[in-house]
Amino acid sequence: MKERVREILSWYGSDNPGSLTSLARMLNHGRLGGTGRMVILPVDQGFEHGPARSFAPNPAGYDPRYHFELGIGAGCNAYAAPLGFLEAGAAEFAGDIPLILKLNDSDSLSKGEPCSALTGSVDEALRLGCVAIGFTIYPASSLRNVMLQELRDLTQEAKRKGLAVVVWSYPRGAGISKEGETAIDVVAYAAQIAAQMGAHVIKVKLPTAHIEQDAAKKVYEKEKIPTATLAERARHVVQSAFGGRRIVIFSGGPAKGKAEILAEVQGLADGGAFGSIMGRNSFQRPRTEAIELLHEVMDIYANV
Amino acid sequence: MKERVREILSWYGSDNPGSLTSLARMLNHGRLGGTGRMVILPVDQGFEHGPARSFAPNPAGYDPRYHFELGIGAGCNAYAAPLGFLEAGAAEFAGDIPLILKLNDSDSLSKGEPCSALTGSVDEALRLGCVAIGFTIYPASSLRNVMLQELRDLTQEAKRKGLAVVVWSYPRGAGISKEGETAIDVVAYAAQIAAQMGAHVIKVKLPTAHIEQDAAKKVYEKEKIPTATLAERARHVVQSAFGGRRIVIFSGGPAKGKAEILAEVQGLADGGAFGSIMGRNSFQRPRTEAIELLHEVMDIYANV
Amino acid sequence: MKERVREILSWYGSDNPGSLTSLARMLNHGRLGGTGRMVILPVDQGFEHGPARSFAPNPAGYDPRYHFELGIGAGCNAYAAPLGFLEAGAAEFAGDIPLILKLNDSDSLSKGEPCSALTGSVDEALRLGCVAIGFTIYPASSLRNVMLQELRDLTQEAKRKGLAVVVWSYPRGAGISKEGETAIDVVAYAAQIAAQMGAHVIKVKLPTAHIEQDAAKKVYEKEKIPTATLAERARHVVQSAFGGRRIVIFSGGPAKGKAEILAEVQGLADGGAFGSIMGRNSFQRPRTEAIELLHEVMDIYANV
Amino acid sequence: MKERVREILSWYGSDNPGSLTSLARMLNHGRLGGTGRMVILPVDQGFEHGPARSFAPNPAGYDPRYHFELGIGAGCNAYAAPLGFLEAGAAEFAGDIPLILKLNDSDSLSKGEPCSALTGSVDEALRLGCVAIGFTIYPASSLRNVMLQELRDLTQEAKRKGLAVVVWSYPRGAGISKEGETAIDVVAYAAQIAAQMGAHVIKVKLPTAHIEQDAAKKVYEKEKIPTATLAERARHVVQSAFGGRRIVIFSGGPAKGKAEILAEVQGLADGGAFGSIMGRNSFQRPRTEAIELLHEVMDIYANV
Amino acid sequence: MKERVREILSWYGSDNPGSLTSLARMLNHGRLGGTGRMVILPVDQGFEHGPARSFAPNPAGYDPRYHFELGIGAGCNAYAAPLGFLEAGAAEFAGDIPLILKLNDSDSLSKGEPCSALTGSVDEALRLGCVAIGFTIYPASSLRNVMLQELRDLTQEAKRKGLAVVVWSYPRGAGISKEGETAIDVVAYAAQIAAQMGAHVIKVKLPTAHIEQDAAKKVYEKEKIPTATLAERARHVVQSAFGGRRIVIFSGGPAKGKAEILAEVQGLADGGAFGSIMGRNSFQRPRTEAIELLHEVMDIYANV
């Protein structure tokens, strides 16, 4: 198992030992530690969607400590959240789970072209003992340049200071349709952009079989790129991130039934996904149920 | 042959020895080393056009190491790519081929006036062992000033730190028609702008015989500037970049047949072009075929 | 066991979660992970005593990778070394053992009042993925102020950036006799000074029953401080570092026989020492023998 | 041959691709390019010993261009000199030979404890197109700390900016005798110190069989470290620099006869030295003779 | 004549056009403009020796405007002085004569090892419209490192900002005897050191036939370096500054008779000196006499 982690680290040959160590801490931690697969618990929905929409279904989640305990209890590889949530538990749970500080966040009170606000810094990530920074880009937004330039600066600083970089790459905005946000060509493109920006870990959405861009459609048809099943689509997205030499994980999206989730995860795992990042499907369930589900998800990844 | 490199370097008398050394490393490397001609392999299409459109025709190209190996195997003078692609091979192939870090990139998910996002920095170029930075400007865009001012800052920093500056000068945007993007007057103008901005190496598009600007048309006609053949047009573009005292290379554009490519290159070489920069026509072909083609292209330049 | 680590972390209530996390990484790692006890492998003798004196007895140790493997193989809590030794393995062994970068070092070619040279920095510690910086002070040296002021600056920076601080506190120099360097009053005093300087982990020498300072002697006699056995002396030293609320570990000094080492460690453990730091007694033995010895040492601490 | 260069670069796993590229440029250049061996031309004697003592024997050497031409003509791996000498040819010979900017220098007009003055900077090295900085330390000097701390700062900056670091490690000063400066224990120790400071390339003096330090003597005798022949001594010095995983090259010292030089080089090569750095023995001979000698030296290294 | 200036500028190939322009301004100005020879008027004696010792012999010189007018009237290439003297006339005589701002100065009230105080800055030189900075080093002083490091920093800044660098290189201090300060070996060495530090113009003392250093003596004798006449010694000093490829000018020292001065200048000119820098012998004479003398000196240089 250790060999797989070493192999993955070898893909990042331009990085300092510090960033490699931070990556290794995530890859070696928790129930999937050493397998090269990852399940990350992200809790930024309080910020992004509002507290009631996020935590009312399972009110224990209003308390930031709940999510630390959930991530630790379930044996996740890492826990990602905005500044406030991490500050509220980083001392109490010091060393118990690798932390990812999200450095930008949106809320759903504002309207207009999507572009998250900077809400943290690399130095805050160090202060809180995080192993990585997290950053969201919306590639199809007309504010793309603002976000990419912020990411560029943060990535350079994080790598110099020994942290890993996790990028949420979610095309959204004036450039594409709503349906296009999860189109297979767009999700694959999102993975490529994040990889080119220097991300160590890339988080994308579950891709559908829809193809958004005409120019892409011609190529998918001509080259007969298989996109019928989720496994095929996952495989294409992973391939699109440097031929499988970058860690790509998938988010599950809105809360849904357990069977549906496990079927999706099975598809992802079959397609070579490196793992899942599961927020609402974890913390909106009762704790025991959530841990059970996360363990089943991890078992699927462990047994590929 | 060495004499020609020395002559070319003498045109850049205001530059530090560091930038001259970086230029010399490109001019002296590979199959055309010492001839004063250059063939550069650029691979930014994954970022600019998306992964499937770029790499599906030859899926080996999804893996960033492929392009290092292609550039090295073909004996190109340099390999240019965005941050992620260079990071994925710079350590493994350290010293094997001069590298150009592209500092800005666009994707085709966003719409609106063309203006690439900053995706790298001069310090990253140093960290990765590059000899040059690359930067794209779209002179006819309404965001021209943003790009030129970014270029100004990066050029000053790069020259202070001993790097060379390669500018992709592609007029595009509200100021001109689609056809005008490759019009002879526009391409010549693009070369002049890049030269005036301080570029060491200027990359322009293959010019057509079309003349975009009325004011220019009058002069071309009055002065009887020959633009009928590609050789004539290449000669005019090279002349437009400081009377031939700046290195001007031409991109080939979309993938096409070998015969067509070689005919174009012959025209460019006859017109005094300093070389070609060939992306899709290289990496979208099978490796052996691509190397064969690149060698034939280099032979044309070597035998002018 | 985890409870003990949490208790220890509670003593450092003014520290950022980052430093606590770094401390936790050491306390939770290896064979003694979670016990609140630590055995650290330090290898700075190549720098401090010279290569042959350090590595000729077991020439495998000339190779820096050997010490990473020894520390990992024996299950030490951390491995401490100067810049060069860490650089030579930090990428290859990323994440496999917590690292401490020694920021100052002496060699035995120079003469004069003891004062180590700065040989690393906090930023280098981050770059290499270390959890802590290490720093040596010689409290009885006439250059004390130079060292304490350097430590002050480095401690502040390290704590701001989420690292732990390990201080080697070795009184030496014009202020005391040779015998006094390990006198019980002096060693206890050394522990107090390091604690007052803000150290998280304090490394002192094995104390003898000798009392160096007259003013101290009167008190030790009047207050009947027990110092006859090593356990008593260890207890006094630990007490001297904030009543046992700072981690104090002891070095074993020059290479010696196994029985002698284990007897010493038993005394330390009985006296409440938090652990040992064993360099020459580890890496100058053949690998298997060294690991056996380290395991026996750890077992003593584990079974107190 | 290329394989050997790749193997050597693998020893420096904590370094940026930029520094690896700079190292590769030296290792791949000149007559020994690709062999993993190096012969470097250093010309700092004008500064260190004065102009007449350095250049009167072959007055062509007063002109700084002479040394560029000598290094290029002989096919040396690199040319090392202080600021003024490099400034006087860096533009004219841009790209023709890898350059090392010496960042500190002494002159023989001053007396007192040895400590070179800073005479250049990392940014000057970039401006002049150098691949490395050079720095001299005198470990036995009472000003050791000044020098090591300057080196620490310069090394960190150079590595961040993609340069290699070459350290001249010459114990000298109050701590040792004149004879001790080249004693085997001292030279081996000097190599170890430079390696621990993070040097990529280490330059030491030719070691004699003398042993300077009593504490070392006991170990050399007990462990029966062979030091009778130059090959044995070279082997021990190379081993002392991280078990052979750092590049160690030897200086020849004062001008001497050709036969003597070649015998010395044979001994060094037999002992596994990575090469020689030959100043006075090169540039004080007439040009043709010097090139002949350098070629014979290179042949010895090439044929080990 | 212009050709000679161009030739001289070609020796400084690593310099920015700004520094070359500044050098050219001096070389092209005044009665010797275009000859490649220079006579500079320096007036720092008020600071260095005190006002009465400097100006009482010709009280007009108390007024700073006097020296501007003298330099302009005599057609000197440049006028060099400390901050206060330049501030007192830079506006009034703006553009009338190239100015050199001396950035360090000593006074004769203090005792101890020679080391001038910083009394100006590069930015002040720009503010006052100067073409160059001036800086004094005392190579044989035990404070050598302080001065060389200051010069290093100032030189880098001055060159980046387009100024020329003039170095007064006057060995003095604990390392040599009083007689040694003007010994031929020492003056030649002083010229070499200034050249290695990156000086554009080097000012040294009139050398005597004395040889100070034993190690040098052997070489001067063995190589039969001619030092009997001033012309021979000047030739050797010029050669010692990069084989004649750096501008070396000589100071005349204390006031003396006209015949003596002219004889000295004739010797210098015969030996290939680039010119003279004449302070006390100019401004301590009545104005007309001084101008006459300066003209005769210039005529000698013009007619070599």
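In order of appearance the chains are A, B, C, D and E, and numbering begins at 1 in each one.
Here, a residue touches a chain if its C-beta (ideal position, glycine included) is under 8 Å from a C-beta of that chain, and two chains touch if they have at least 3 such contacts.
Note that the structure is predicted; figures quoted are calculated from it, not measured.
Novice: From chain B, what is the lowest number of touch steps before chain D is reached?
Specialist: Minimal hop count between chain B and chain D: 1.
Novice: Can you list every chain that touches chain A and also touches chain C?
Specialist: Touches both chain A and chain C: D.
Novice: Relative to chain E, which chain has the most distant C-alpha mean position?
Specialist: The most distant chain relative to chain E turns out to be A.
Novice: Which chain has its Cα centroid closest to the overall Cα centroid?
Specialist: D
Novice: If you fit chain D onto chain E using the CA atoms, what's the rotation angle, as a multiple of 5 degrees?
Specialist: Best-fit rotation on C-alpha atoms: 70 degrees.
Novice: Could you find the chain whose CA centre sits the greatest distance from that of chain D?
Specialist: The chain lying farthest from chain D is A.
Novice: Please state whether B-E or A-B has more C-beta contact pairs across its interface.
Specialist: It is A-B, judged by the count of C-beta pairs in contact.
Novice: Any idea if chain C and chain D meet via the same residues, over half in common, or different ones?
Specialist: Counting which numbers both chains contribute, under half are shared, so the two copies meet through different residues.
Novice: Counting in whole Å, what is the centre-to-centre distance of chain B and chain C, each centre being its mean C-alpha position?
Specialist: 57
Novice: Averaged over CA atoms, how far is the centre of chain A from the centre of chain B? Could you give it in whole Å?
Specialist: 35
Novice: Which residues of chain E are in contact with two or more other chains?
Specialist: Within chain E, the residues that touch at least two other chains are 13-14.
Novice: With chains as vertices and touches as edges, which is it: line, ring, star, complete or other?
Specialist: Graph shape here is other: it fits none of the named patterns.
Novice: Following the definition at the start, I'd like every touching pair of chains, please.
Specialist: All chain pairs meeting the touch criterion are A-B, A-C, A-D, B-D, B-E, C-D, D-E.
Novice: Which bits of chain B are touching chain A when the two form their complex?
Specialist: Where chain B meets chain A, its residues are 46-47, 49-53, 55-57, 59, 62-64, 66, 82-92, 105, 107-112, 115-121, 123-124, 127-128.
Novice: Applying the document's contact rule, which stretches of chain D touch chain C when the two form their complex?
Specialist: 11-15, 139-142, 144-145, 148-149, 152, 156, 171, 173-176, 185-186, 188-189, 191-193, 195-199, 213, 215-216, 219-220, 223, 225, 236, 239-240, 242-245
Novice: Applying the document's contact rule, which stretches of chain A touch chain C when the two form their complex?
Specialist: My answer: residues 5, 9, 16-25, 27-28, 87, 90-91, 94-96, 123, 126-130, 160-162.
Novice: Name, in rising order, each residue of chain A that touches chain D in their complex.
Specialist: 13-14, 16-17, 160
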